[in-house]
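Input: structures, listed below.
Common to both upcoming complexes is chain A, partnered first by chain B, then by chain C.
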Partner chain A sequence: MTKRWYRAPAAALVIAAVAATPALAQKKYGPGVTDTEIKIGQTNPYSGNASSYASNGRTEAAYFRMINDQGGINGRKINFISLDDGYSPPKTVEQIRKLVEQENVLLVYAPLGTPPNTAIHQYMNAKKVPQLFVATGATKWGDPKHFPWTMGWQPSYQTEARIYAKYLLESKPDAKVAILYQNDDYGKDYVKGFKDGLGDKAAKMIVAEASYESTDPTVDSQIVTLKSSGADVFFDVTIPKFAAQAIRKAYDIGWHPLHLLNNVANSVGAALKPAGLEKAVGIISTTYYKDPSDAQWHGDQDYKDWVAFMQKYNKDSDPADNNTVLAYARAFTLVQVLKQCGDDLTRENVMKQAANLKDLRVPMLLPGILINTSPTDFFPIEQMQLEKFDGKAWVLIGKVLGS
Partner chain B sequence: MSATSEPGRAIAAAGEAGAARRAWRGAGLALLLLAAVLLPFLVSSYHAFQLTLALAYAIALLGLNMLTGYNGQISLGHGAFYAIGAYIAAILMTQFDWPYWATIPVAGLVCLVAGFLFGLPALRLEGLYLALATFALAVATPQLLKYKHLEDWTGGVQGIVITKPDPPFGLPISQDQWLYLFTLAVAVLMFVLAHNLLRGRIGRAIVAIRDHPVAAETMGIDNAIYKSLTFGVSALYTGVAGALGAIAVQFVAPDSFNVFLSISFLVGVVVGGLASISGAVYGALFIQFVPNIADDISKAAPWAIYGVFLIACMYLMPRGVAGFVQSAAARLPWRETKKG
Partner chain C sequence: MNALLHQILSGLATGGIYASVALALVMIHQATHLVNFAQGEMAMFSTYIAWALIEGGMPYWDAFALTILISFLGGIVIERVVIRPMANAPVLASVIVFIGLLVILNSVAGWIFTYTVKSFPSPFPAEPLWNNSYISTHELGAIGVTLVVLALLFIFFRFTLLGLAMRAAAENPVSSRLVGIRVGWMLALGWGLAAAIGAVAGMMVAPIVFLDPNMMSGILLYGFAAALLGGIDNPAGAVLGGFIVGVLENVVGAYLIGTELKLTVALVVIVGVLTLKPSGLFGRVLVSRV
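Entry: the complex of A and B
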């Protein structure tokens, strides 16, 4: 143990010494890297309540297998160690410490869930180990000033909310908005982003706000209250179960506002179908990736590559599960970062390159969405596209919007 | 003595044991303790962290064993007391700037009161009915922790991040090593107290209530107060464990204290050995390390492997690891055996 404690500083000294003599510095390796291998760690819920997210870790493992079959990254194979944390924060801490201190991974990639990532947030930054492209939409992952070793990937909830705000300011500047949100960090993140996006017009435009608890049986009474406010825009920040109730109730009591539904609940199967597809016509939401069930992509090269990948490497996962698309695109992003690192595979350079993605086009993300990061911008995806439900499927409208 | 079960016999045997045997035992325990103190300096800091968690679990299991093993009340809800202890430590440390060590007794006392109060109505419930009532407690815990009006304190779903304590007096050891030693010290104290409590008059009363409540009542034992107090003390132990666990993990959140934690505790108590003080240590090692071993053996179905381990344990060691060790030791040729 004492050995391990001085090994890291000693390694840092060696690296510093090597860095001081650039002429000699061809290859610089951090922990977990050799001429033939890059070791990467992850936690993911393979058991427990959140095990439906297991497809994330499986897809990523499959993706790295494909990369290895194609010769790896600059000749190095990826050794991907994905451990089960059951979505339990203490277990996440234990497994991450195992990855960092026992396995000596170069970086930790896309641990899943807000509570598990929160549990290791301080540890990763104290240890200076990259916590890269975490699989959660909370906004706090993009804080390079206080947490320079942590970076998100998907659009944050606030980013998405600002897109709705921008859309309203452009298309309906005199709107009267009613908001329904889930009373937790997820719901509040959306409301904050929305208000920030409206700026000083927020106080005037927002005429009613109501919240619910994720344990409530229904949101019917909230919908009735919101209708009575006379609002003509309904910003609906709910999870699928409550989104279905809200859509049905609003329709049944004759309230037909412009319905803005958050991306969290825009699943046709989980939210719109239970509400009744005819009641969901005209709802507006956002997306940032190509839904594989949408026929418009089926001629697309991205889609064909993804299908080939799914058939060859990821047969165990359900292709109708959108997590397989997201994990595929996310894994691509990591591979890009590692490629950019070249032979300088230190933890410092990994973060430097992750913060140096310029106009990166990622397969299976919507056309026009490009990843851009910088030392002060730790939000990789910041663009989304609005879509409207036509009674059968989502139809993309307008062009890709940034916040 | 013939009507009493294992622990009764064990108590009797201990009472009759010769002084020489006690000295041997003392020496053995001292050696074990020395090994436990040296352990963090021989393993990596990650293993020291795991062992710290195992020690915290051992304290919790000891508490649950008092209730389930000695007093015969089944609880499927001790994860709730573990959560209360953890949150008290976290809230006192982050919001009131208390030092970590001062939060431990408070966590214990709050859980003592909570356990006692929960024990009062639970008295009317026997066996499986009590198990269900406590199960409800375990199921409700994560949601109660997310309750809106407690959010200012509990941090809601976000939980609370705790800063890891540094070793005191500028000791040249790492935070993990210090936390292990600190937890070990608390554990030793709690085990000595439990030993004195259970091997004395109160312990006999607790066991008597389990074995024959009516007879116990006739002997002048106030069953109601004893059962409630046992529940309270059991919760106290679990609360102390929760506080220690939270400080080691540096984070508390509702998702940390799900139903599975409570069930793990019961598994630990039974695997370690019901009504056995040392059983708590074996049980803690089981719930801390067996899931990891299972995960190493099979990524695809770790819980199936875990199940196999569990069944094998119960089949090969029906009285738990402690019972197995005891009967194995009794078979040693030089050991004078005494059967009741």
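Entry: the complex of A and C
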């Protein structure tokens, strides 16, 4: 701790010296990097309302332990510091500043949640510290022109919504659509993507829209309103609790539209089971990863590797929690970026390599989904596959779709 | 027309939820003349106890009764341990304690039972009565249970000696003590009863909104609106207030101002009642001589 004060200036000197004499550029280190270590920071909601998502941070820590046991990345061990922000944006700012200004991390990896990431968005870009593969689906993370130090990872909400729109235009072009959405950034992102996807047919096809607040006790009244619009397609942009209510209420009042359920709420355990599995038959959603509860993957090498990892390094997390799969795949992507960096571990090169992923196949993502990024494309995953609920499990339909 | 009827009935169903929470708020106000902000979280915690008992294999009604008993005792313990030391403190101090309780119960529930949404069983049949598609049997049953609790409360306060003593203790502690009522224990009893009513409310609400640690946070606000509208010292008024708020919210949200401002309806009701008629529609006007 006592020696830390000189590190940042020293690193800056090294960079300056190396930049001036490119012939000597064997090793270039940004803050937080030595010959034996790469320091990475993160915030996750280990306490508070959103703590069910903390399995992301735990799984990622476990993944980096595994990488370190295998010898690290180009000989360097990962020192992963994941701090609790309780999903509270002011706390996120405090913890991220600690990571950047005191711990001197090379990069901040996958902070969780749209509000926490929004709170540090400006700061990270002003400080020029990578805010890499954030764990939220908002579309704003893919804006390299204005925010060159921030990149998402999972398919954006708009990408997903455009896939539903495309599906409707192909299979049910005369549909009358009713939309229920959460009245915040997340809900509006989906609605925008959906309308963009429908194009000039949006005004004609969408016959009703209703919103709800996340503090509302129920969405029953909204479902009644949407039913009376006469819609035969229901685009359901809700979090699991309200998705369960919507599925049940629609069924109970005898409304049986084609139900398009956003990926946010397609967990069988958290949404469909509370609603009643028989009421959820026929619902259509999308996915981009291999659900470990789906038996069709059990012979798969990806699945076997994941199970081995879970048993050896991540025993405390619930394997039925899909966040463990996502975090596993996301951590793989970061390791790939750091491998590509070689011995040039500066913040600039981290972003350069993150924007230089070509046809990367990531374990546990659906076959056919490849990560591609470029200096103008900061959306790593842009493909998904539609799936239909058969009363017991999701069944994939068609093939992998791009937006 | 059909849609309007639908909105009204669906409003009555949610109104029943607000009514049961409002009833618990009135109960604690009867006993202590304070509004308990932790009422919702206490109800939520009781519901988790019931859930754990049922998951453990206990039949529904046994778990129901045992939960009410545990909640009753829990309420008394909370009064003895946390509230009693605040007896002579200013009102603001009590309010802070209530908010502290709210946060603690919420976090402890999340820590023990996780934040994943759970389904909670209903004691009523899954098929709707007379095959209607307007209101589920559970929603009807929950309204019925609320009305039964209301009737029991009425009988208790009106026709039993203990009920009379409790009312007296809240109304005029000094005189009550002089005639031999143990005022301290009456307060504890009031907390116990409020916790028990909250437990019933929670177990009736959970099958509708699903069980998670934040289940009550939205409902409590509507419960406040209902209790204030009906009169915070009138159990029947509070129940009626619940139904009015539920229907009003649905109809106004669906036809007048849109769903985005639904929550505002509850807030407008609270502010409106407090400024225009602080005693509520059915409350007594309190006049204190100075």
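Quick note on the criterion: the second predicted complex is superposed on the first by the 383 of 403 C-alpha atoms of A that agree within 3 Å, B and C clash if a C-alpha of one lies under 4 Å from a C-alpha of the other, contacts with A are read in each partner's own complex, and residues count from 1 in each chain.
To be clear about the criterion, a residue touches a chain if its C-beta (ideal position, glycine included) is under 8 Å from a C-beta of that chain, and two chains touch if they have at least 3 such contacts.
These numbers were taken from a predicted model, which means no experiment stands behind them.
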Request  = Label the relationship between chain B and chain C on chain A in the superposed model as either fit or clash.
outcome  = clash
Message = I'd like to know which partner A:Asn183 touches here: chain B for first, chain C for second, both or neither.
response = both
Task = With the two complexes superposed on chain A, say which partner A:Ser52 touches: chain B (first), chain C (second), both, or neither.
result = second
Message = Applying the document's definition of touch, where does A:Gln102 land relative to chain B and chain C: first, second, both, or neither?
response = first
Query = When the two structures are overlaid on chain A, which partner does A:Gly391 contact: first (chain B), second (chain C), both, or neither?
reply = neither
Query = Of the two partner chains, chain B (first) and chain C (second), which one does A:Gly254 touch, if any: first, second, both, or neither?
reply = second
Request  = With the two complexes superposed on chain A, say which partner A:Asp216 touches: chain B (first), chain C (second), both, or neither.
outcome  = second
Request  = Based on the superposed arrangement, let me know which partner A:Gly368 touches: chain B (first), chain C (second), both, or neither?
outcome  = neither
Query = Is A:Tyr87 in contact with chain B, with chain C, with both, or with neither (first, second, both, neither)?
reply = first
Message = Show me the chain A residues, by the header's touch rule, that chain B contacts in one structure and chain C contacts in the other.
response = 47-49, 183, 213, 215
Request  = Would you pull the chain A residues touching chain C in the complex into a rising list?
outcome  = 47-52, 183, 210-213, 215-218, 220-222, 224-225, 228, 240-241, 244-245, 252-254, 269-271, 273-274
Contacting residues of chain B [partner chain A, same complex] = 40-50, 53, 143, 146, 148, 156-159, 161, 163, 174, 177, 245, 249-256, 258, 260, 295, 299, 302-303
Key: chain A residues touching chain B - in the complex, by the definition given at the top   = 1-2, 4-5, 46-49, 83-84, 86-90, 93-94, 97-98, 100-102, 114-116, 118-119, 121-123, 183-185, 213-215
Task = Give every residue of chain C touching chain A within the complex, in rising order.
result = 2-3, 6-7, 10-11, 13-14, 17, 107, 110, 114-119, 128, 133-134, 136, 208-210, 212-214, 217-219, 221-222, 249-250, 253-254, 258-260, 262-263
